[in-house]
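Alright, structures below, take your time with them.
Two complexes come next, and they have one chain in common, chain A, joined by chain B in the first and chain C in the second.
Right, the complex of A and B next:
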């Protein structure tokens, strides 16, 4: 477990090395939060009862989605593609650490640091300035925490699967752009899934992406609670197990056909 | 330490067709071509040896090293590193080996060197006492403390190699692979790395496999040399044996007391004249320097003499080219 802490420390060093980057990021997050806040405010003035939850809940949902943009911060698939392309993957494979665990430790470290230095400070600002609410009670807060962790793990494994493909395709930049749009949209990062038209809502409900944003954030604002919340977390867990198995499978296949480039 | 038997490795590559239509066809029906990078090599390396592993580009050096690391799976044949099969016990094997790849760094690019070393400490589960002891050693031998707080991207190449060397040795591996560690490093830094390599081989009994294109490295550092070409091992033995076997040509340089006309000596050919100096090439199995000298000194007064051995580089070049009989000696 020490290894996870180690990568977290390393990721923190990285942030410290690029301070400007950090200030730019936090500014961007705050700007987006403010944007979302205004959009919902205006929409609610126009059509107060049309969105299923009250304005405060919706703003909290939207602002939280912007803070959790940091889930996109760690991109193990990009790292994998870069290492495979440059041939530096062999320095990773030389380490006495399972590659899948290595990537998870690296990504988790980056995400924890981003959570600490970007998301939480931005949310604190939003709490004071934009009237974002805290979870209604401790129990909801705990469920949200667990669900958020599951959501992160689901996203990590989707990223890892994409990264494993890079062993074959070498370049995944373009797929990656499309992929992030899909994650954001079907994850419900900005627009909650209950506002989707029936077909899209049905599709989003079947896909794993809602685990990342929609489920934890809906639990947070209290729109998913009790049995529904537990059921949604079960959905996350099932997807996680499937994705872990797929990741192990795909990576062992990719590893076998890995031709280390260059040198 | 290392046992390799009848090792083979084939690569499959998609055969690309030329042009746009060709590219399209490749997308739908790929044809594969197989290249054999390593073709039936066998060798043994004992504990504590320092072996130079050389060969032209694309000879199969890196491929075989990657198989020894367990990164690539052999097509056929057997490998054992310290009684482990690398690709089956990749992680366990990784603990007993260290590697430096000259062309890439395993350090984190953006963070200080010491942070990368701390990360490796945790990955390899190096006990704190051992970590401290090794840092002291690296400070002493590599002057690590001079740049340990500098981010890797700001290091000079020589410093980066030293840092990479420290990273590779942090967990006290029994076996060290050095894949062109001196590439692009200046003479002073190179000398320093060579000394370091010898030191850890001697003092810590680390078995080392050194890949290089610089024959100076081989001459100064290695006790044994393996030459690989086109996937085959074409030579395996000591440097002296290699000289004896392939470097049959010698050159006798004679400086006379005064300028004299050109002449040939028996079993030797005059290859060059310059002022009062003359160069005679001979095969050491046909005649000896003393016979030659006796013959020449009987005719002309001699001021100075030297016998030149063939340069290791030219021996290796001839081995690469596959005609070991005609090794030329250094002229001039």
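Right, the complex of A and C next:
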């Protein structure tokens, strides 16, 4: 717990040190929200109430997706790749803390800071300017919170698995754009899964990515509720357990194969 | 002429340096193709469900996206490292350029080629060819000339805007966020016709950060969608906008060099 707070403090100090970047970053998020707002607004004038969701809900979904872009801020896989490449990974391994836990604490700290200083202020602006809605009731809000936490953990473990591969293949830099595109697309960050054509919808429903954006955000706008919401959260939990186990396995395998170049 | 000879020599050296990493190259190409396929897939899903986007059919949107990408592809092949100007300044690499008896600009220009830009060329050409066929376009020689002029103007617009933003680091030491900002406007303009947005956005991407001249305005002319926007004739101004930006960038660059003080790297 103490380690986690020290990473949070470190991430916060980083943001505070580069104040111009902070304002530019908020502006970028607002610009993306603005873009998504107009796309849905125009599409809904063409076809009001499409697929049983009204315009207000759709805008809320889209804007929330842009705010949660901050999930992609913390990139433990890049950190791992960098440490392996430079050889500095050996100092990480010597620390008296499990490496997996260390990465989680670091990533969680960074994500919470980004959530607090970027996502929430941007959402507050969007609430006043773009007419984003609050969750319909406190129960829905609570479910959303839990589901969002699970979604974050699923994404973290996918990143961690990729980072473990970096230990073996040494370079993952060039696949990272495609990787994040896949997360965005199958995660339903911008386009919800109910709009996907049948085959893609079926594929997206089987993959873990929908845990990160689609499930929490659908719960937020009330499109997944009651038993359906609980079932979706069960899906998140199952994937999380699978990914944690895979992470432990892959990391211990990669750890054994780790070759430190000088360092 | 001497500068041009030097530039080609530097480019050849940069290419040789890049070619050492064959696997990197292939991964990079696949990465870019996947990225674009997913972006186009998203636009495709929206149109699949809503038939069109504010009157733009799927192949018109593909055309818009790929026209931007064609201009961008030449930027990403030869000028991508303009993004990293701040690294050159912070690490002191830039000092080398000033010590040698050749134009610092030419040396900076020839420093890198980004092979992966070939993927952009490939995606853009494929998308444009498919759009051309599916939209049943029949351009005469003048339209083709205009098309190529627009693509080159697109490259110039993106390159000059990026370089001007990157030059901020001569004053502040950091510029990557400013460059990112330009890119974000680019992304919106590439993906969606700007007539769906509110008026302030259209004013910004026309007058302040004129990225709409890379694809939107010329596309109105090339796709014969003149009724979409009363200011469609702005499309003919793309090359002029590009030239104006070149002039401005040259001014900024000279100011910046005079301002330069080494970080002592």
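Things worth noting here:
As a convention for this text, the second predicted complex is superposed on the first by the 260 of 263 C-alpha atoms of A that agree within 3 Å, B and C clash if a C-alpha of one lies under 4 Å from a C-alpha of the other, contacts with A are read in each partner's own complex, and residues count from 1 in each chain.
The criterion applied here is as follows: contacts are C-beta pairs under 8 Å (C-beta built on N, C-alpha and C of every residue); 3 or more make two chains touch, one makes a residue touch a chain.
Fair warning: this is a prediction, and the values are worked out from it, not measured in the lab.
Within the superposed three-chain arrangement, the count of touched residues of chain A is higher for C, of the candidates chain B and chain C. Of the two partner chains placed around the shared chain by superposition, chain C is the only one that A:46 touches, whereas chain B remains out of contact.
Touch criterion met: A:24 reaches chain C, while chain B stays clear of it. When the shared chain is aligned, chain C comes close enough to touch A:191, but chain B does not.
By the touch criterion defined above, A:90 lies against chain B but remains apart from chain C after alignment on the C-alpha atoms of chain A. Looking at the shared chain after the overlay, A:13 reaches chain B, while chain C stays out of its contact range.
Judged by the document's definition of touching, chain A residues 18 lie at the interface with chain B and also at the interface with chain C.
Residues of chain A that touch chain C in their complex: 18, 20-21, 24-25, 27-28, 31-32, 34-35, 38-39, 42-43, 46-47, 50-51, 171, 174-178, 181-182, 184-185, 190-191, 195-197, 200. Within the complex formed with chain A, the chain B residues making contact are 11, 62, 66, 69-73, 90-92, 94-95, 97, 99, 101, 103-106, 108, 110-112, 115-116, 118-119, 122-124, 151, 179. Contacts from chain C toward chain A in the complex involve residues 24, 27-28, 30-32, 34-35, 38-39, 41-42, 45-46, 48-54, 116, 172, 174, 177-178, 180-181, 184-185, 188, 192, 196-198, 201. For chain A in complex with chain B, the residues that touch the partner chain are 2-3, 5-7, 9-10, 13-14, 17-18, 86-88, 90-91, 93-98, 256, 258-260, 262-263.
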